[in-house]
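Each chain carries a letter (A, B, C and D) given by its place in the written order, and its residues are counted from 1.
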Amino acid sequence: MRTGVVKGDGRGSLTLPIYNGLLQPVDGHRGLHPQGASVSKLRLEAFTDGVYAIVITLLILDIRIPDVRAEALGSALIQMLPQVFTYVLSFFVVALYWFSHHRIAQQIKQIDGTFVWLNMVWLLFVTIIPFPTALLGRYPLQPIPIAIYGADLILANVTGFVILAYMRRHPVLCFVIVDKSVLRRQIPAYAVTNGFYGLAIAFGWFLPWISYFLYALVLVGLAIRFTQIPNPLSQK
Amino acid sequence: MRTGVVKGDGRGSLTLPIYNGLLQPVDGHRGLHPQGASVSKLRLEAFTDGVYAIVITLLILDIRIPDVRAEALGSALIQMLPQVFTYVLSFFVVALYWFSHHRIAQQIKQIDGTFVWLNMVWLLFVTIIPFPTALLGRYPLQPIPIAIYGADLILANVTGFVILAYMRRHPVLCFVIVDKSVLRRQIPAYAVTNGFYGLAIAFGWFLPWISYFLYALVLVGLAIRFTQIPNPLSQK
Amino acid sequence: MRTGVVKGDGRGSLTLPIYNGLLQPVDGHRGLHPQGASVSKLRLEAFTDGVYAIVITLLILDIRIPDVRAEALGSALIQMLPQVFTYVLSFFVVALYWFSHHRIAQQIKQIDGTFVWLNMVWLLFVTIIPFPTALLGRYPLQPIPIAIYGADLILANVTGFVILAYMRRHPVLCFVIVDKSVLRRQIPAYAVTNGFYGLAIAFGWFLPWISYFLYALVLVGLAIRFTQIPNPLSQK
Amino acid sequence: MRTGVVKGDGRGSLTLPIYNGLLQPVDGHRGLHPQGASVSKLRLEAFTDGVYAIVITLLILDIRIPDVRAEALGSALIQMLPQVFTYVLSFFVVALYWFSHHRIAQQIKQIDGTFVWLNMVWLLFVTIIPFPTALLGRYPLQPIPIAIYGADLILANVTGFVILAYMRRHPVLCFVIVDKSVLRRQIPAYAVTNGFYGLAIAFGWFLPWISYFLYALVLVGLAIRFTQIPNPLSQK
């Protein structure tokens, strides 16, 4: 990757990558454009951030306002409280996935076509979230919506892990080498998360409130983990 | 935080932070990526701007076109005028929060995980705005929608103040130190705003038109304040 | 405005503005952050681009799919052709305003609070566009939707002109001085455009097809003008 | 186009274009702003990424949750499987167009007004995708929705090819010269893709399942091609 050099403070020069589309070298009309075959990380991030921002904002559209007589408005709104709970749950679930995406993206130096598609599969499972959320709002204590919700979250998690494994096999894409030990240290977090989601799915058939509790528990746990533990990928 | 130095105008060198994902140092595959554990301010801003842009644009979706005979269209549209008023009100309320977010973000040098979550809570209250707006459009003179609208705005304000308090305790995140005196100087603005919102909620039970007047008054007041008074955080 | 200097090619140094939030000077915790009181042009652009992108994409949501028996689908879709026409019209109207916004923004060096609010008023009239578009789709030959459509476009235009006038009075915000002669050279384009829109509104009561023709004519005229005539603001 | 020079690694200096709105030279109030007449590639990309992000996320809104008794939920969801298939199909079709747009944009150095309009026409056909997708979900085995879907994809493809042809005629916009041979090497990919789409449209009248298979086949084929073959425009 061709880089420009900005003269440093005397202790050495700082090499800046010339990101495609942002600070792009002018090669005239003769040569090959150096980033021609790679993919701009910046644009994929902008696209991804856009998708997350839209998903998290669209969730409110499924909370339809009640259409009742004015006197019945209060009780109609109270009946909507479970829907409000699933709204807040999904809001922070999407926020968590954005944060998780962000932590992985921070370790990415450049991307290739396969990475774009893996990222798209991840986004597919994220953009689906409004559907099981609306389903939970309409059928709050039924096992099937609880299972679809959990299955979607598990699939998104698995895709995230596949992306890590892909980074391990393609160190040229990363700032730090994601080796076997880095990957292995990630396994418990993924296993525990997906285990709890699996439990939540199972409880949907017996004690659906436990399912909600488990979904919220994973959310709070990961949210705290993200604020306290520095990015594990960078601990190498 | 590692920084690159671009030679200045002779009166000293200007140190530029190397933002993650934008001008990222190439450290090869050996070292630790310096921003590995921090969070990119730029991406959080992009995500936040996306959410604001979507919320402010989605508001129009709740103004449903009337389905009447052609001759009755004029009077049907006139009956929608209160809805148009709440639309315009909410449009500028969201615009104001974006501006307010922007003024705080300008003082932020880098962010951490807790800041991301505080920002998400703020965004939660912003993304909710279309719901009470639609509710006001459907039940314009009922106290409950007026109260939900005001309560959401108060919660968003309080979150903004909590963010300031967090910045005070974590000066490493800021360009300027937000000390006790800076925070204290902010209290009147927050107190007056929330006081007016509280009054508006109370008037909802007696004179709902006063509530609308108060919401609009706070909006106009803060809009003028933002154009005339420089960012108080930077007055230090 | 404080600027960093990147050493040039010997023929002089090139001064880069240090945009807030992008290449922000690290002033430590002592000093006043230099852009503390100004507003980041970049973030306003990102927000504005987001709003335009959403408005232009939301337009398709108002083209509801027909709910008829399979055999009647063809004729049901043919009946939707006027709606498709207004969709395409509004798509390019929004695209044109984005382009127009872009041409003005290119001349802006920095922004202040008033500029943010003027920009928000402009965006208000842009985000409203889906409403008269849906109204035209439902009542294609009625004068009132034609008038609301035209009135909204005129108001957006007038806001654009007010922004130019504001730039004239605040040269510190601009790369080039927008003086009286620059502003005056803009008047014919604005007058002709708004004149055609006014005519279209008037024809709505007599010959609504002429109204559509006039809206399309202005669109095509301005689109061609934008590709052929360089940005008049930069002709100074 | 005026450019700044950052001193290179000794083998020559690297010339960076000063993108408008990002690293904009401060010309004071005297001179002409150098990019005044051109259009910012960055902002068009941001706008385009926004549109793609919204289109890909809006697709889920057309998967409406069933409104049945709780016991009938499972079978109601199974009946929705064709709709889920068209959702996933359209999701990756939009992702593919984004990727394709991205590959072309990487070769673009600067843009002009005509390029903006060609890009807008391309976006028009992309933003339309949710309409035939919803139509296919409602009338999965009818020839007309299958034909509209295919026709929209063909039109988007043709626009992409027109953009390439425009780049060939305006080498000043590109990093590499897109000459006749580069364009000609692109023809087979476009012809095969559109041929398959045409076949899919034809089969809609006889064996609609074949149509779906063909749409999916083209998608998978192009997705693999994009990961394996480097950007052909940069092979020159």
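Observations on the structure shown:
Assume a residue touches a chain if its C-beta (ideal position, glycine included) is under 8 Å from a C-beta of that chain, and two chains touch if they have at least 3 such contacts.
Nothing here was measured: the structure is a model prediction, and the numbers come from that model.
Among the remaining chains, B is positioned farthest from chain D, on the basis of C-alpha centroids.
Residue numbering shows that chain A and chain D use the same positions for less than half of their mutual interface. In this entry, chain B maps onto chain C through a rotation of 90 degrees when their C-alpha atoms are superposed, rounded to the nearest 5. Annotation: 23 Å between the Cα-based centres of chain A and chain D. Averaging C-alpha coordinates per chain places the centre of chain A 33 Å away from that of chain C. Among the residues of chain B, those touching two or more other chains are numbered 6-7, 22-23, 46, 49-50, 53-54, 58, 61. Of all residues in chain C, only 2-7, 18, 20-27, 29, 31-33, 35-37, 39-40, 43, 46-48, 50-51, 53-55, 58, 61, 112-114, 116-117, 120, 123-124, 127-128, 130-131, 134-135, 138-139, 142, 144-145, 148 touch chain B in the complex they form. Looking at the complex, you find that chain A touches chain B at residues 1, 3, 6-9, 14-17, 19, 22-23, 41-42, 45-46, 49-50, 52-54, 56-61, 63, 65, 67, 70, 73-74, 77, 88, 91-92, 95, 98-99, 102, 105-107, 109, 171, 174-177, 223, 226-228, 230-231, 233-236.
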